[in-house]
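Next come two complexes built around chain A: one with chain B, the other with chain C.
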Partner chain A sequence: MSAILFILFAGLAIGCAVSMIVQRNPLYSAISLIGVFISLACIYVTLAAPFIAAVQVIVYAGAIMVLVVFVIMLLNVEEEERPAFRLRYLVPTAILFAALLAAEASFVIFTVQTSPYQQAHPSASANPSEVGLTASIGRGLFTQYLLPFEITSLLLLMAIVGAMTLARRASFLSPNVRVVPGAQVLTRQTVDPRAVGDATAIETDSTIEAERLLGLENAPHAKDRD
Partner chain B sequence: MELTPQLSWYLALSAVLFTIGVVGVIVKRNVIAMFMCIELMLNAVNLTFVAFSSYFRDVSGQLFVFIVMTVAAAEAAVGLGIIIAIFRNRESLDVDEANILRL
Partner chain C sequence: MDWNFVLSIILQFTAITVAFTVVLMIVAYTVLAERRVLAFIQGRLGPNRVGYGGVLQPFADLLKFILKEEIVPDKSTKFVYFLAPILAITTALMPLIVYPFGPTVRLPFLGDIALVIARFDVGLLYVLGITSVGVYGIALAGWSSNNKYSLMGGLRASAQLISYELSLGLSLIGVVLMSGTLDLSGIVEQQSAWYGMRWNIIFQPIGFIIYLISAIAETNRVPFDLPEAETELVAGFHTEYSALKFALFFMAEYVNMFTVSMLATTLFLGGWSGPFIQQLPWLGPFYFLGKIIFFLFLYIWIRGTLPRFRFDQLMNFGWKFLLPVAILNIILTATLALFGWI
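This part shows the complex of A and B:
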């Protein structure tokens, strides 16, 4: 029974992963990746790790993928075109390294398979273990592994600050503004030097004065503005 | 005798998923697609941790998976922030066009 479940979910995970690579629209890739995450969560359940399975669905399939899909929608990503083939000798090199990798991996797996320390599948034993349950994970997290837990919280704080700094808009001004009247002297030069070039900033005390300096006195919209 | 999955089965699945992730990072040119392939690799490693943890009846592996998930969430936040900043500067998500380390 557990073997059938494993083969089912493993096939689903590999199929979704391959589909993620093959798709050229990033949104379809994201949906395939959600399929991988959910089938991995099912495998965790068969491994008697219900807490990790729940966190997998909530954090990965929920939070992280919502963020990724949100960014895909926000940036309006186009489908990527098929790249031109540039280096011919890469193909035999890739095949060589792939064969090497497969040989190494099968050696490791064969070693595990034939090792004398064979363990029974967690669902096979008579008395179920406490290992995967929330209580034992919480106990381990707040006693023996308290320091990594605190460091992780610090890391999350740094990630929040870093993400906000990165995604913040560098310029607060609209593209056509050249002089900001009044005390709030915030020229484009100070926030975005590329946009101004060699023009210098002008400080004024009122909108009228700014218009006179810019030669916009007789502009039609100048009188409508307060 | 009923066939139960061996530990090596899980390791093989993890290796296959990790390799697919590596192939994706190499083949893809879209930043977001590469980012998702990195997430796939993290998940493959998580599967190894959980499998060892369950078979050897030790909770440490699952705690490590918990911390890896937290790091992945932090990485997602910062990485997507970087992606948005790159897109704002270059109007493109192609990594081949982002080949100089300045704005």
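This part shows the complex of A and C:
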């Protein structure tokens, strides 16, 4: 039974992975990648590791891929034009690495029958159902693997701080600067809604400064601007 | 392959079919109840012509959805366009299988069975995982329709779901800290002490309120229904969907309402537990459904009462108020649990 399920989900994962590479539309690639993650989660369930499976779905399929899809949708990325095949020397390299990977995989399949953990603790295989469960993972994270856990947390914290710094770079400018995206040259009709058709240009990147330069500072709408 | 295995698989399929049928029937009548209650709130009558007092209205609506013409936009991305409603309804229905509907009951010929389809060690995480995948239905629908209103609705929906998922997940951690398990059946069994009244809401009032608010946002309901704000976006992500595909989105929304109400009931209101549950285990499913129906009524009531948020208010509220309060609730609960006071 578990063999059937494994073949089903492993085939699905490989199929989705191939489809991810072959697809030209970036959104189709993203959907295929979601398929890969969900198939992997199903394999984890058959391996009696439900916690890893749930976390796999929540983190990869649910959070990271949502952001990827979000960006693809927001930028409205078109189907990529297939470029002329330039990097020809990559083909033999790829074949070499594929052969290496296949050799590695077959080495693991044919020679390593028990994992290093089981070799060290022969009694652990007596009740293997304990390993993937939530309580045992939590206990392991906060006792035996505390240092890697804390280091990973610190790494994530650094990434968050870095992202915040990059995103808030705009706030280093003075607070009343309002950049109109893509319009460094403002016209009078952009600044003053009453002056339709007046294309007197003014070169600034802040509507407030443009108003000052155009002498509209005391215009009635300027004060109740948000 | 022995007969017990085959029998258990047949039992599982029967249980899933029964559960899905019951839930879809309740969902159909939630739609009717929403129309009647809203009408009552607004001083109207609502649909009362099909059947006695309108009881056959859901079936009339379904028939209409089936018979309507299917319109597919010419420039849409066909595969994704058809995939989106399927994803929406599948991810809405999938969490149903881990909820305990009642305690262990005695059935003729089958002996004692627990009224839960699949008891899962990480039931809560499973529910959260499926919910987080559910956003793709809406996001892809918005993208594939090739319509600016749909795209705006899809983008709004993804942003909103990502933001409120955080506070939703964090509001549940208090309950997990108290019960020490992620298994939904285990969480309910702990709440059936004190004659079935040891509900987690007594110990986790802040978590419950945060969960309630985030759950309304997660299901795109008023006052958080910005992805389908009809005054700004026509109908949001499902503008280009017609006939049965629209019905699938519609059903998915109401099934989602049902499942978040189930989660609220299971985690905060004691699930199937209640008075006299030891003597009469069959009361369990009725307690469970009664509590869920209370939540569904609350949803309709809120819809009839509150106006819609603005999008920046929604984001500020989620990130700058709900999330910090949820984190504070975790710290408070963890401190109390550390000293053994709860």
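By definition in this document, the second predicted complex is superposed on the first by the 126 of 226 C-alpha atoms of A that agree within 3 Å, B and C clash if a C-alpha of one lies under 4 Å from a C-alpha of the other, contacts with A are read in each partner's own complex, and residues count from 1 in each chain.
The rule is simple: a contact is a pair of C-beta atoms (placed from the backbone, for glycine too) under 8 Å apart; a residue touches a chain by one contact, two chains touch by 3 or more.
The structure presented is a predicted model; accordingly, all values stated were derived computationally and were not measured.
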Practice task
Considering only touches as defined above, state whether A:L101 meets chain B (first), chain C (second), both or neither.
Solution key: first
Exercise for the section: May I ask you to decide whether A:I160 touches chain B, chain C, both, or neither, giving the answer as first, second, both or neither? Expected result: first
Practice task
Look at A:C42 in the shared chain and tell me whether it touches chain B only, chain C only, both, or neither; answer first, second, both or neither.
Solution key: neither
Fill in the blank from the handout: Winner on chain A touched-residue count between chain B and chain C: chain B
Practice task
For A:A54, select first, second, both or neither according to whether it touches chain B, chain C, the two together, or no partner.
Solution key: second
Exercise for the section: Give one of first, second, both or neither to describe whether A:A63 is in contact with chain B, with chain C, with both, or with none. Expected result: both
Practice task
Once the structures are superposed on A, label A:A10 by its partner contacts, choosing first (chain B), second (chain C), both or neither.
Solution key: first
Practice task
Have a look at where A:M73 lands relative to chain B and chain C in the superposition and call it first, second, both or neither.
Solution key: second
Exercise for the section: Identify the partner contact of A:I31: answer first if only chain B is touched, second if only chain C is, both if each is, neither if none is. Expected result: second
Practice task
Please indicate which partner A:T134 is in contact with in the superposed arrangement: first for chain B, second for chain C, both, or neither.
Solution key: second
Practice task
Report, in rising order, the residues of chain A that make contact with chain B in one complex and with chain C in the other.
Solution key: 51, 55, 63, 67, 74
Practice task
Spell out the part of chain A that touches chain B in their complex, as residue ranges.
Solution key: 1-3, 6, 10, 13-14, 17-18, 20-21, 26, 29-30, 33, 36-37, 40, 43-44, 46-49, 51-52, 55-56, 59-60, 63-64, 67-68, 71-72, 74-75, 77, 80, 83, 101, 105, 108-110, 112-113, 118-124, 129, 131-132, 136-137, 140-141, 145, 148-149, 152, 155-156, 158-160, 162-167, 194
Practice task
Enumerate the contact residues on chain C facing chain A in the complex.
Solution key: 77, 79-80, 83, 120-122, 125-126, 128-133, 135-136, 139-140, 142-143, 151, 154-155, 158-159, 161-162, 165, 181-182
Handout entry: Sites on chain B touched by chain A in the complex
Key = 2-13, 15-17, 19-21, 23-24, 27-30, 32-33, 35-37, 39-40, 43, 46-47, 50-51, 53-60, 62-63, 65-67, 69-78, 80-85, 87, 93-94, 103
Handout entry: Parts of chain A lying in touch with chain C, wherever the complex brings them together
Key = 25, 27-28, 31, 34, 38, 41, 50-51, 53-55, 57-58, 61-63, 66-67, 69-70, 73-74, 133-134
